[in-house]
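The block underneath contains the structure these notes are about, expressed in structure tokens.
Order as written gives the chain letters A, B, C, D and E; numbering starts at 1 within each chain.
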């Protein structure tokens, strides 16, 4: 067990650093995916027009292919892709895509597709009457979206968001294969150096289980807050 | 960014062999993990406290753990135990494929439990009461009314999970199986071409993904015939 | 009918029945006897315990105190006789509660086949007979979602009849319907009543009550406040509470 | 170049490993540090999976692969190889008491484990075709576990490492080396020049020349051998011969 | 009131308005003038276009042909004047459509604060005044789900009044309510009517229509079939269709 100690005698601190990187990757990836997914949802909201089809194509590509391949593509080909996109504009940059950047970008783009679908569904499930009431009261668009529709959509989307968060968190494990020193990579290094793989892999497993188990009560708290007013006061 | 068509074509047999492994793993795990999840979902919803706790813990671990780690612990971890290695279990656990099926089925079934539970809870109480009022026994109500309706409710969520899970089978390369991703990586290591093998494999995944989607769509139409307009 | 002696028992008898939801006292020492063939209408304000009362008769809710017997079968707090009682009493709900994934015909044959182990052909003949009785046999192969509310409710009635119960319980069978569909469902119930079936019906359709009911109950706060023949119930209500209620409902 | 990024795997004892303090040690990192000193450049290590090393080099994410790379024709097409830093011949590891004939017929149905993406893997397929059952692993540790567990009959890999990591250890008492020393690399290389090297991108001729010069001077003044001795008792390159002889 | 000349315009005028839902012709050349202060009740069978009519007045639905002017503001097919028109006309929906995540008070202050940029204190004073007018000021800090249906509908009325519209549109304001709660909402509307506000109300509450309406319309299949003062409308319906309709609704 002393191998798991923090400080110079064990790999505990290395694992911890790895865990911080894993969490950072997951949180950045998720937040970006959320923002981007929201944009996609609003973009593709209306019926089956060209925008909807554009979104379908996007989603089909990014949800149809394993995130690992997209991480690899960005990591090994990202610089070339960006250069290719910029060169017609006459911009030349020297740039290197770090595994972290590739990971965040890939997770954000992949999960934006999932979240876009989820959020779009949630918005469509907000009763039409809410939109009509706002229109009838001449409420400006911005307020309609940010204060009436999105808070209610968030409540509907919450279970799905929590689920997606857990899936994304676990998907970060793949970025280690592109050379990021996240928790999994640190566990592999510690295992390789000490020849005690099980201890370190079990530790990593417990970390993931812990975080996803903590997610659920947290989500319940948020849900209770959002549910404010939805519950019928029992007398 | 260049896609080397000749290279992709030349390696098609290797990629197809990988895709076959991917499919085989996916289908086997769905066949094992689905019923397993159903079983555990009964424990999860049971009034018996011990069973319910077991169900909750099962979901927490199986759903929370990355399948890569789960797989590693089962494949390499169990092999360290003498009881496993010297008993009849070894006949099974010595095979990477078997370990893959176990690990992924645990993971997959963790999701199935929650999907089933959600579906079962969403069945309107009125339907269950109506069945009870018709004199059906609780067992008949469960199997003939609640379950069939819950399955319909859960189908969409199950589709999403299955598609994500199919893609996550890329982790099986960690235990010597050469699936589609591994096959693409082999080509990558030999050629160091960063685009061709990945894009080719990506395309095959995309095809598998959409084939599964079509399958689910067909199932959905069959099961939800009753919602179609007359 | 098989039991010659059956007629000696009342269809339903409740003696000082108490029902609690947690700490809420939903039925307070309710006593009630319904004779065979009688048509009983129950009304009362929301939350007064009407649904609870008829759900107790059908053992959909367990009761905590007192005795309930249905066609002579005692429904003790031990609830061993639940299935027997449920075969005596068919129930029609406000929300229809048809099984959405089964066709109309399957909805009707489902319980006879699974609970009574009736064979398919016989169950279908039976189902078509009762569907015809509520004038809806031509829809037998559709699914519930393809019918209007009024049609769905008539299917629900046929489905309950297929178990050949001796008593029918209706819990606000028309209150989830569009005004235009209320009529067709009430007509179907009226026809049943004319056949001599024992019926207990929670409803606020006063016109219907006047026409069909032998007896009306008024409930408030878990108690039966007034219990009178239909005529006097409406025209000479005794209690203040019923007077106030009728004044409001009849505007 | 003032700053050179050296890619290393960190999980290949005794050549490369990471201490509990999180420090990269082993024969190769220490040699590399000394080399950098002599080249008067600052070096930085990037630790990653062996499989990611060459792609990272090609993409410019690292400047040098500082983990021994066996020259194969495909690799030589993509990168410049320095002088050998280790001649680590490949050999088979088998269960004691089993004898095999190392021909396609002799290995028919035999289960062999090798590392994915390695020169060894290519060697096995080119030698025996599909006669043996080849299992591919991400790293040698997994091969060792499966060898011990009995999932595979033999492995084919670097002799020095397998000796240090299995044969010399208590759990390795049932295993032995077999099949002699083999060269999985480019067979066009003369036997006395064989060995694995550090590599740089094509076109970085200046860098590789400076590296070679620094390494040569380390070999000449026996610093190379001193560093090696901290981790390994036997010589790892032919060029060490003089130093080894001097010390007796 | 600010415009001295405003009284010259009718509150609402529709001239040969056509409305299509895809290929379905929902309003067929409807013409209608509502004078300021007038109380208009619209009835008709389901699907006859009642909701469509009042939603067009409020520009919730665009119309395809004809002219609609509201207090003199022309609502052309170009719809540039939508916002102006919506400030003239408040709307109360069948399903209340309160914002479930805002308190009653916030529901009422939300539009004045966002659309009219009113400051918080002023908006709250206003809201409390209108909540008091529908007798519900004491519930201001609850959430909609904590109120009964009747109370929710009264909040919806107060919310619309907070924008101080000159015309109120009601689309079946009581048909989603339990029978006992209908009364309280109708009373609140009656009080508004007594204050002289222009009102257009889709409802099937004939008692209410008789008491409050100056004029009643009967619609069928997208057309106004009958348009008469309340008294003659009920007691001497001219068209066969209205006669049949009244016969059915009044049982």
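Just so it is clear, a contact is a pair of C-beta atoms (placed from the backbone, for glycine too) under 8 Å apart; a residue touches a chain by one contact, two chains touch by 3 or more.
As the structure is a computational prediction, the values presented were derived from the model and not from experiment.
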Inset, instruction - Quickly list, by label, the chains bordering both chain B and chain D. - result: A
Legend entry - Common touching chains of chain D and chain C: B
Inset, instruction - Can you pull out the chain pair that has more C-beta pairs in contact than any other? - result: A-B
Inset, instruction - Quote the value, from 0 to 180 degrees and to the nearest 5, of the angle by which the CA atoms of chain C must be rotated to coincide with those of chain E. - result: 175
Inset, instruction - Select the chain at the greatest separation from chain C, using centres from the mean of Cα atoms. - result: D
Legend entry - Inter-chain centre distance, chain A versus chain C - centres from mean C-alpha coordinates, in Å: 53
Legend entry - Between chain D and chain E, centroid-to-centroid distance (C-alpha), Å: 84
Inset, instruction - Between chain B and chain C, tell me the centre distance in angstrom, where each centre is the average of that chain's C-alpha atoms. - result: 46
Inset, instruction - Quick one: which residues in chain B touch 2 or more of the other chains? - result: 76, 80, 188, 194
Inset, instruction - Hunt down the residues of chain A that sit against at least two other chains at once, touch-wise. - result: 76, 197
Inset, instruction - Send over the residues of chain D in touch with two or more other chains. - result: 55, 59, 145
Inset, instruction - Identify every two-chain combination in which the chains touch. - result: A-B, A-D, A-E, B-C, B-D, C-E
Inset, instruction - Provide the residue numbers of chain B that touch chain D in the complex, in ascending order. - result: 76, 79-80, 85, 94, 96, 173-174, 176, 178, 182, 185-186, 188-192, 194
Inset, instruction - Could you please specify the touching residues of chain A with respect to chain E in the complex? - result: 127, 129-130, 132-140, 143, 147-148, 151-152, 155, 226, 228-233
Inset, instruction - Quick one: which bits of chain C touch chain E in the complex? Just the residue numbers, please. - result: 45-46, 178-180, 204, 207, 248-249, 251
Legend entry - Interface residues, chain A side, partner chain B - complex: 60-61, 63-70, 72-73, 76-77, 80-81, 84, 114, 166-167, 170-171, 173-174, 184, 197-198, 201-202, 204-205, 208-213
Legend entry - Parts of chain D lying in touch with chain A, wherever the complex brings them together: 10-13, 17-22, 46-49, 52, 55-56, 59-61, 139, 141, 145
